[in-house]
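Order of writing sets the labels: A, B, C and D. Residues in every chain begin at 1.
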Amino acid sequence: MWEIYALAFLMIAGSIVAVHTRYLLSAVISLAVVGLSLCVTFLYLQAPDCAITQVVVEVIALIILIRAAGVEKDLLEIKGKREAFAATATFIFIIVFAIFAFAALTHLPKFGYPVMKVSSEYISRGLEETGAANLVTSVLLDYRAYDTLGEATVLFTAILGAIVVLREIGRKEK
Amino acid sequence: MSPYRARKEGMTNIVKTISKFVVPPIILFGIYMVLHGHLTPGGGFPGGVIMASGFILLILSFGKEVTLKKLKVSTASILESTGALIFLCLAILGIPAGGWFFVNFLSKGYPLKIISAGIIPLANIGIGIKVMGGVFAVFFTLVVFRISAKR
Amino acid sequence: MIFFLSFVIFLIGLYCVVIKKNLLKIVMGIVIMEYAVNFFLVSLGYRKDGVAPIVTEGVKEAKFVDPLPQAMVLTAIVISIATLAFIVAMCIRIYQRYHTFDVTEIRKLKG
Amino acid sequence: MNIIPLFIGIPLGAAFVLVLLGKAKEVVSDVLINVVTLLLAIFSLVLIVFLKDNGVFVYTMGRWFPPKGINLVVDGLSLLMLVVINWIAFFVTLYSVSYMKRFTAKARFYSLFCLMIAGMNGVVLTGDFFNLFVFLEIASIASYALVAFGVEAEELEAAFKYMVMSSIASVLVLFSIGLLYGLTGSLNMADIGSIIQGKKNLLLSFSLVLFLAGFGLKAAIIPFHAWLPDAHPSAPAPISAMLSGVLIKALGIYTITRIFFNVYGMTIQLTWVFMILGIISMVGGGILALQQKDFKRLLAYSSISQIGYIMLGLGCGNYWGMLGALFHLFNHATFKALLFLNSGAVEYSTGTRKLEEMGGLSKVMPVTGATSTIGSLSISGIPPFNGFWSKLFIIIGLVQAGRFTLAILTVLVSVLTLAYYLKVQRFAFFGTLKKKWTEVKEVPSIMCVSMIILAVICIGAGIFFYPLMKVILEPAVVVLQEGTKYSSLILGG
C-alpha cells in the first residue's frame, strides 16, 4: 500500500516541477516522470493492461513532445508579464474548488472497497460468456465493444485531423 | 559496408547497427501482443503502437528515406482505413449473423487457447493494423513538416 | 486519501492550463489533467488484496479487481494520446505561422 | 429496429472509405457524401413513423442488456435532435459541394464531416455515460480539425483556443463520470438514475457542477463562451453553419437536458440555475452582437444569445416553456444555418466579411439577399416566420411561471435582435451598390438551392407550426415532463 502513496507524491512533485520549470525540455522530461510513475502505479493497482498501454503511449508522447519543443532553438520558457490579479483570482478559485471537492470526495466508498454492481457479473461469468481469459479484453471488445469502436474512431479522427492541419496549402489560388 | 549505413542521414553508426538488430524483435513482439490480446495483458492498441514504434526507431536512426522504402506513408494511411473498416465490418456482420450490432457471432472455442473468444482476436488484429498505420502516418507527418518549416 | 491525491494532480494541471502563457505548457497542463483522471479511475476499481483480472489455469476463483474502470482507462488513454498528437500538430503549425509559442503574442483575432 | 445503429455505422464507414478515395475524382466523393447524408436524413424521418406508436425504442449493443452492455435509446428528444442534425447536415453538404472547391483536400474534409455527424448521432442516441464521453470526443476533435481547415493564422489560433477550452470540458466530464461510477458501480444512465433517485449528498451535487461546467463549455453559455466568437467565424461557412446550428446543441444543450431532467431530476434550485444562465447569455450575447462589424462574428454572438433563450425556456419547467425551448432549438438550427450559409455566399462572391465594405448586394445577388432577409426576420421573431412562435411560447411559459419581468426582458432582447439584424440588412444587402461590387455574380446554383430550401423551411415551419408541433415536438416535451421516470421506462422495456 505505501508504494502507491509514495508514487502519488512523486507524481505530484513531478507535475509541480513540470509546471514551474523554466526550461521546456526539462518540463517535458518531468512530465515523462509523471507518466512513468503512473505506469508503475497501475502495476501496483493490479492493472497490467493499463500499465502496458500507458508505457507505450508515454514513449510516443515523449518523442512527439520533444519534437515540438525542439522547434524552438532556445528552450527557455517565455516570461510573460505577471498578471498578479489573474493569478490570485485563479488561485482562490482553485482553493475553493478544492475544498468543495475534498468534502465531496469523502462520500465515495473507501479506497479498496469498490461497489462493483456491474463488474461482479463480468468477473463471475466473463470467461464462459465471452471466452476471453483476459477479463479487461472481454469488457473492452465484447461487453462494451461499441466504446472501443468509438475509441478507434477517435484515434482515426485525430490522425486525420493532424494530417489535415499539417498540409502545406489550405486554399487554392484564385 | 551496407548501403544503409553509408548514408549520412540519421544518427551515428553505433545507433544504426543496434537498431538494425533491435527493430525486427520489436515488430515481432508487437505482433505477438496483438495475437495474444485476449489471453494476456495487452491487445490491439499497445501491440499496434509497439509495431509503429519499431518504424519510428527506423526514422530516428536511419532517417526518413530508408524508412519510406520499408513502409510508405500512403500505404500506412491505407492500412489505417482498412483496419478501421475490418473492425466496423465485424460490428455490422453481427446484424445478419446474430441479430444485433456487435454480437460475438463466432464460436467461443476452448478457453485459454489462442483460437478462442469468437471475434475478439479478429477485432484485435483490425485494431492493431489500424493503430500501426495511424501512429506511423502521424509521426511521419510531424517529422516531415518540421523539416520543411525550417526552410 | 488516494482520491484526494489524484484530485491534487488534477488541480495542478488546471492551474497550469489557466495561468501559463506558453502553448506547450498549456498542452502539458491538459496532459497532467488526463493523467490525474486516469489515476483516479483505476484507483476507484482497486480492491484490497485483489489480483489482476486475468484468468489463468491455476486461479479461477481469485479475488479480482474491478475490470470495468480499467477498460475505461484504456479508452481514455487512447483518447488522450490522440488529442495530444493533434494538439502538437496544431502547435507546430501555429509556430510556423507566428514564430512564437507565446500566447500573448498570438493575437490576430480581435475581442 | 435494426436501422438505429446505422446512424453511426453509415457515416463511420463513409468516413473510412472517403480517406481511401483521396486520389479519386472529386465527383465521386461529392456524390458519396450527399448520398450518405440524404440517406441518414430519410432514416430519421422513417424513425418518426415507427416511433409514433411505440414511444420509445431501446437497442442493446451486442445482446448484452443494460447495465451490462451499452444501449441506444430513441425517444422523442433524441428523435428531434436526429432530425435536426441529419437534415441540416444534408443541406450543408449540398452547399459545400461548390463552396469547398476553393480549398484543397476535399475528400478529407468530407471524411471529417462524416465523423462529426457520427459523433453527434452517437451522443444523441446513447444511453450510457462513458459512451457519451467517447462520442463527445469524436465530434469535438473532428470539429477542431474542421475549424482549422483553412490553415491560415487566424483559423489556427481560433481552433487552438477552442481546443484548449473544449479539452478542459472533456476532462471535467470524464471526472464526473468517474465520480458517478464510484458511487453507483454502473455506467448506464437509466440504471444510475434509478439508483440515485431521491438521494442527496455533496458528491452528487459536485458531479452535477462538473457536468454543468463541462457541457456548458461545449454549449457556450455565457461564463464559458470565450471560444465561440473566435471559432465559429473562422471556420469555413458550411462548418460554421453546422457548429452554430447543430453542434453546440447536440453536445451542449441536449446533454445538459438529458442529464439534468432524466437522470438527476429537476429541482427548484436547478430551474433557477438554468434561468440565470439563460438570462445572462441572452442579454450578454445580444449586447455584444450589436457592436460587431464582422458579419460572421455578429452571427456567432447572436448564437450565444439564442442559446440563452433555449436555456431560459427549459428553466421555466412548464409545458409551454419547454415546448418553446425545443421549438426554438429546431428553429435556430434552420435560420442560423441559413444565415451562416448566406454569409459564406457573400464571402464566396466578394471575398470580404466586413459589413462596412458591403452594400447593396441584393441587387447583384438576389437569392442570397432574399433568403437572408427571410432568415433575419425569422430570427428576430416577426410573424408569421417560425422564430415568432417559439419566442411566443417561451414568453407564455414565463408568464405562466409567474416571471413577468423576465417575460418583458425577453421581448426587449427580441427587439435588440431585430436591431442588429436590421443593421446587417442595411449594411450588406440594401442601400447603394458600391462600385467595386458591380462585377459580382450570384453564387453557383447548387449553393442557392440549399439556401432556398432552408428559407422555405423557415417560412413553412412558421405557417404549419401546429402539425410540426404535434409530430416531433410534443413527444420530446413528454420526455422532459416524465423526468426521472425515464429510468424505469428504459430498464422495464
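Criterion: a residue touches a chain if its C-beta (ideal position, glycine included) is under 8 Å from a C-beta of that chain, and two chains touch if they have at least 3 such contacts.
None of these values were measured; they are calculated from a predicted model.
Trainee: For this structure, I'd like the pair of chains sharing the most C-beta contacts.
Mentor: Maximum number of inter-chain contact pairs occurs for A-C.
Trainee: Once you find the CA centre of chain A and the CA centre of chain B, what distance in Å lies between them?
Mentor: A distance of 22 Å separates the two centres.
Trainee: Compute the distance, rounded to whole Å, between the mean C-alpha positions of chain A and chain C.
Mentor: Chain centres of chain A and chain C, defined by C-alpha means, are spaced 2 Å apart.
Trainee: Determine the centre-to-centre distance between chain B and chain D, using the mean Cα coordinates as centres, and give it in whole Å.
Mentor: Centre separation, chain B to chain D: 37 Å.
Trainee: Which integer distance in Å separates the CA centroid of chain A from that of chain D?
Mentor: 30
Trainee: Two or more other chains in contact with one residue: find those residues in chain B.
Mentor: Residues 40-41, 43, 45, 77, 80-81, 84, 88, 91, 101-102, 104, 111-112, 138, 141-142, 145-146, 149 of chain B touch two or more partner chains.
Trainee: Where in chain D do residues touch at least two different other chains?
Mentor: Within chain D, the residues that touch at least two other chains are 12, 16, 19, 61-62, 130, 134, 137, 141, 144-145, 148, 151-152, 156, 182, 187.
Trainee: Out of chain A, which residues touch more than one other chain, so two or more?
Mentor: Those would be 48-49, 53, 57, 60, 64, 67, 71, 101, 105, 108, 114, 116, 118-119, 122, 127, 133-134, 136, 138, 140, 142, 144-151, 153-159, 161-163, 165-166.
Trainee: Indicate which of the five shapes (line, ring, star, complete, other) describes how the chains touch one another.
Mentor: complete
Trainee: Considering the complex alone, what residue numbers of chain D touch chain B?
Mentor: Listed in rising order, the residues are 2, 5, 9, 12-13, 16-17, 19-20, 59-63.
Trainee: Can you tell me which positions in chain B touch chain A when the two form their complex?
Mentor: Residue positions touching the partner: 33, 37-43, 45-46, 49-50, 52-53, 56, 60, 77, 80-81, 83-84, 87-88, 91, 101-102, 104, 108-109, 111-112, 116-120, 123-124, 127, 130-131, 134-135, 137-139, 141-143, 145-146, 148-149.
Trainee: Can you list the chain C residues touching chain B in their complex?
Mentor: On the chain C side, the touching residues are 52, 54-57, 74, 78, 85, 88-89, 92-93, 95-96.
Trainee: Spell out the part of chain C that touches chain D in their complex, as residue ranges.
Mentor: 10, 14, 17, 23, 26, 30, 33-34, 37, 40-41, 44, 68-69, 72, 75-76, 79, 82-83, 86-87, 90-91, 93-94, 97-98, 106-109, 111
Trainee: Touching residues of chain B toward chain D in the complex: what are they?
Mentor: 77-78, 80-82, 84-85, 88, 91-92, 94-95, 98-104
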